[in-house]
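In what follows, chain A forms one complex with chain B and a second complex with chain C.
What follows is the complex of A and B.
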């Protein structure tokens, strides 16, 4: 039964859920039109409630127990990942306002869906029961399908939403079938129950785990099931793409990590190693050929899924710490890069120009027309490439260190070689920005103050965790 | 390209919907250890409905007219519902009819009518190698699932568990839903909320 302690210890979750409902009510009271009071209230309410939720999350870092009749588990791991995701959503909200206004889609429903998605993502990471994993994943996915198609007048946005929806719904079926098979064999869906079944080789149980793994490989966009990522990420509104590719993947990897530790999947380590290498290879090599920056970053996000997957080869404390560190830095840099792309996109006036502004060509000479924006984007790209003073470097460092400690040295060598390929296309964008003359009359002064602030916050985070990683590691080391 | 007379049955036989009917059918046959000798009335009914479900699914995939296909799908849904009923899952049986045969099929028919498909010959597609490989992969998935179910349950669960009759009732499900599973039950409301908000946002004709 649900009691008072459940509510007291899950205030962030409740705040997020309540805000999503409150936004819908505000939207109904103040319809958009001449006065923009409603838009303002919703925007500031979202920011305040996210800050409050983050604030209430920090005391939970030491809690380690089950809530809501053992459907949810609060642990240091889930709280750290939740704070990361809440921070990512905060940055997303900050960066969305001007972009949405430019597109003419600044509706309260956007923020409401964003909060519902956040609720789903938090549930996925906190889940201590396969039912909650499923429900959380569905809450997240359905919100994402809608958010991807939020630019209703743009064909590519519609295409993105439809492709994401059809494929996502199909792979949800895999997840559900897997859960059904596991339930059929064990008679329970609770994680506490499965510790008795470690190293079980019964075919039903095994197949159930494999089907759930397939669903997660799809959601994280790893190798054999990565085909949806470029199309979906290119068509969706840029702020949404940033959120899906960073925070959404964090949730999927967080849930996957809990799944791995619960089921003890050591026998899959070879398979995961091969998948990780193929994911990195595919993402890095195909990204070389891209001419659209959103597509380029979509392929780079596939490559990054590969790096994170390395941490899943053998789930030990050190690899868990590495994965969490990587996720934090990945959220900051991936989200930041997409925010800058969104700002550049919002500078163009017509819809056609906004689509065109995503080509690599239009980034030529950005360093001359808008040096502030170009330097921030350069920082994000350097961090994504793994160049030392930024947090992205330490993410890769800890990942490769953990895999070497686990005696998979060949994976580390291949991974480092492949990440060197990745440096090429990140540097290519930076070259375009700083060493080419601008294409005439393309870029004006940007008026996106909030988005710029959001990008600066991410940059500060990358610098801080890059120069002084112990700041973050102090929390992460408490996970085990 | 496959010859057309072979292509249609191949697609039909290996399509997704017959696949899951087949799995149910196989599971039932082997779980009950039917052997085609134990002709209890119940087993005969199960066999009858399973075969009818497979027939409905096959007909659904092979029909040219989409409305005929949809009607055969209803037949399939009703047969699956009957199988649930024979397995003592009354609640799921009723929900199957209400939700699938009722709500979802009405939606299907509406979509078909709205799409206004006049030229039905355009709908029939040729089998390419890409599709053939898709068929092979779905066959592989089907066989993996079927074999797993077969080997796992071969020697267990030969008859319906005695408590099955009490578990499947609406009272028990309602009780469980509002006590043990109250948390996930309430979370599902957020899935519905997201879907409703999303449907309005994406489909509303004009935003002011």
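What follows is the complex of A and C.
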């Protein structure tokens, strides 16, 4: 039975759900004319509703209980991750307007799908039942498939959507089969039920856990199942790529962390350690050879999935804090980098030029033609490389600290060495921007004010959490 | 502990073996005397006209999709209507509101669909 408290405590979720429907109605009512009233209303409505949702999330930081017949669980962890994701979506909404207008696809459906995806991601993190995890994952994934193919007239966008859809649907089957096996053995799908089964080695149960783990490894883009990431991220619209690679991964890792703490997967720690190292190795090494900046950042996002996976070797309070801190900083820097790429892309006039503008060559001399944009991108890349004083450094610091505390020192050593490889390709882009002459003539100054604002917000966040990490840690330490 | 799973393994092996044997049996034992009519495409006894690789109008998929959507709505509404009596008198509003929310969400989709002209055939 549902009562009032369920609704009062889940206002952010309801706001997001209602906004997605409202946007569809507005899109239907206002025709696409010259005045673009509908587009404006939708854009500002999205921003306002996200801000309100974030605002209502903060009081929930102290809540810790079950809602909707114990299907959802609000804890400090889920609320912190939810706020991170809502902030990421807010930055995405801000950054996408000009990009979509340039591509001629500024439809209300984009925002509606974005909100539906957010709803799915929030459900995934808050889920206290395997079925809700599945439902949330599907809501998120299906919206992502459509968003990836949103540039209907670009071949690569279609390719990306189709690849993502086929593989995603396939691995959703793994998740569902895992849930079915676990249900078959325990007779329940509720997380509260599984604490009695922590040290079971019964094959059915074990296989169920492994299958769910495989589905999550796919969704987070970790080593054996990372093949879809570069193609999908390259083809999708840049703003969508930024959102998928940061906020989408945050949701997957958030749900995975809840899954780990519930099922107590200590016996998998060696497997996770090896997977994390292979993920870092693959992402960092293959990224060295890339000539397309979207592809480069896609491989770097694989490497970052590896760093985050280190926090899953042994799930202790300190490693949970490290993972959450990493996710927050990762959302800011990954999203910010893609926003800048989107701004650069939107400066080109024809569709071919926009495709070409993603090559590393076209970033030569960006520091001379557009110093503001180049310095912001440099900050994001420095942060991704893990150079202080940006938040990315503290993310890596806490991750490696927690794994050292858990007596997996060799993982920390290998991880730090591999992250040194990563520095090379980030610095290469920065070198291209500042120490080379521009290839083509002067690029006009960008007219993307909203996107620029969004990038600046991310930069401020990176600086703030980098110089004064306690600002964020204060909330994160309350998780356990 | 794994002993319990041996019957399943045996069943799996049997299933795979049975499938393989059936495929090859029909290939080796079955009589083969093909003629042009036998080899032509099967179209429910009609003579094949043109190629099967035609492009369908997207409207066809639109109608099919909408049909499934509202079909599912009916599927959910029906058991709800049958069970509605049991909610009286204590939780009748609960049941009513639950279904209203569901229908409202679908209604948004309906308005959207009408305005976007998904039902205009030409």
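The rule is simple: the second predicted complex is superposed on the first by the 479 of 480 C-alpha atoms of A that agree within 3 Å, B and C clash if a C-alpha of one lies under 4 Å from a C-alpha of the other, contacts with A are read in each partner's own complex, and residues count from 1 in each chain.
Assume a residue touches a chain if its C-beta (ideal position, glycine included) is under 8 Å from a C-beta of that chain, and two chains touch if they have at least 3 such contacts.
What you see is a predicted model; the values in this text were computed from it and never measured.
J.: Let me test your reading of the model: by the given contact rule, A:361 touches which partner, first (chain B), second (chain C), both or neither?
T.: neither
J.: Let me test your reading of the model: by the given contact rule, A:159 touches which partner, first (chain B), second (chain C), both or neither?
T.: Neither partner.
J.: Which partner, chain B or chain C, is in contact with more residues of chain A?
T.: B
J.: So in the superposed three-chain picture, is A:185 touching just chain B, just chain C, both, or none of them (first/second/both/neither)?
T.: Touch partner of A:185: chain B, not chain C.
J.: Check whether A:107 is in contact with chain B, with chain C, with both or with neither, and answer first, second, both or neither.
T.: first
J.: Who does A:145 touch here: chain B (first), chain C (second), both, or neither?
T.: First partner only.
J.: Is A:135 touching the first partner chain B, the second partner chain C, both, or neither of them?
T.: Once the two structures are laid over each other on A, A:135 reaches chain B alone.
J.: Determine, under the contact definition given at the top, whether A:201 touches first (chain B), second (chain C), both, or neither.
T.: Only chain C; A:201 stays clear of chain B.
J.: Could you tell me if A:68 is touching chain B, chain C, both of them or neither one (first, second, both, neither)?
T.: In the superposition, A:68 touches chain B alone.
J.: Applying the touch criterion given at the start, work out whether A:29 contacts chain B, chain C, both or neither, answering first, second, both or neither.
T.: second
J.: Same chain A residues contacting chain B and chain C, which ones?
T.: 1-2, 21, 24, 202-203
J.: Would you mind writing out the residues of chain B in touch with chain A in their complex?
T.: 144-145, 147-149, 151-153, 179-184, 187-188, 190-191, 193-195, 197-198, 200-202, 207-208
J.: Could you pull out which chain A residues touch chain B in their complex?
T.: Within the complex, chain A touches chain B at residues 1-2, 17, 20-21, 24, 31-33, 68-69, 71-72, 107, 109, 112-113, 116-117, 119-120, 123, 129, 131-132, 135-136, 138-139, 142-143, 145-146, 149-150, 152, 161, 177, 181, 185, 202-204, 207.
J.: Which chain A residues qualify as touching chain C in the complex?
T.: Counting only chain A, the residues touching chain C are 1-2, 21, 24-25, 27-29, 201-203.
J.: Per the contact definition, I'd like the list of chain C residues that touch chain A in the complex.
T.: That would be residues 1-2, 5, 91, 94, 105, 108-109, 111-112, 114-116 of chain C.
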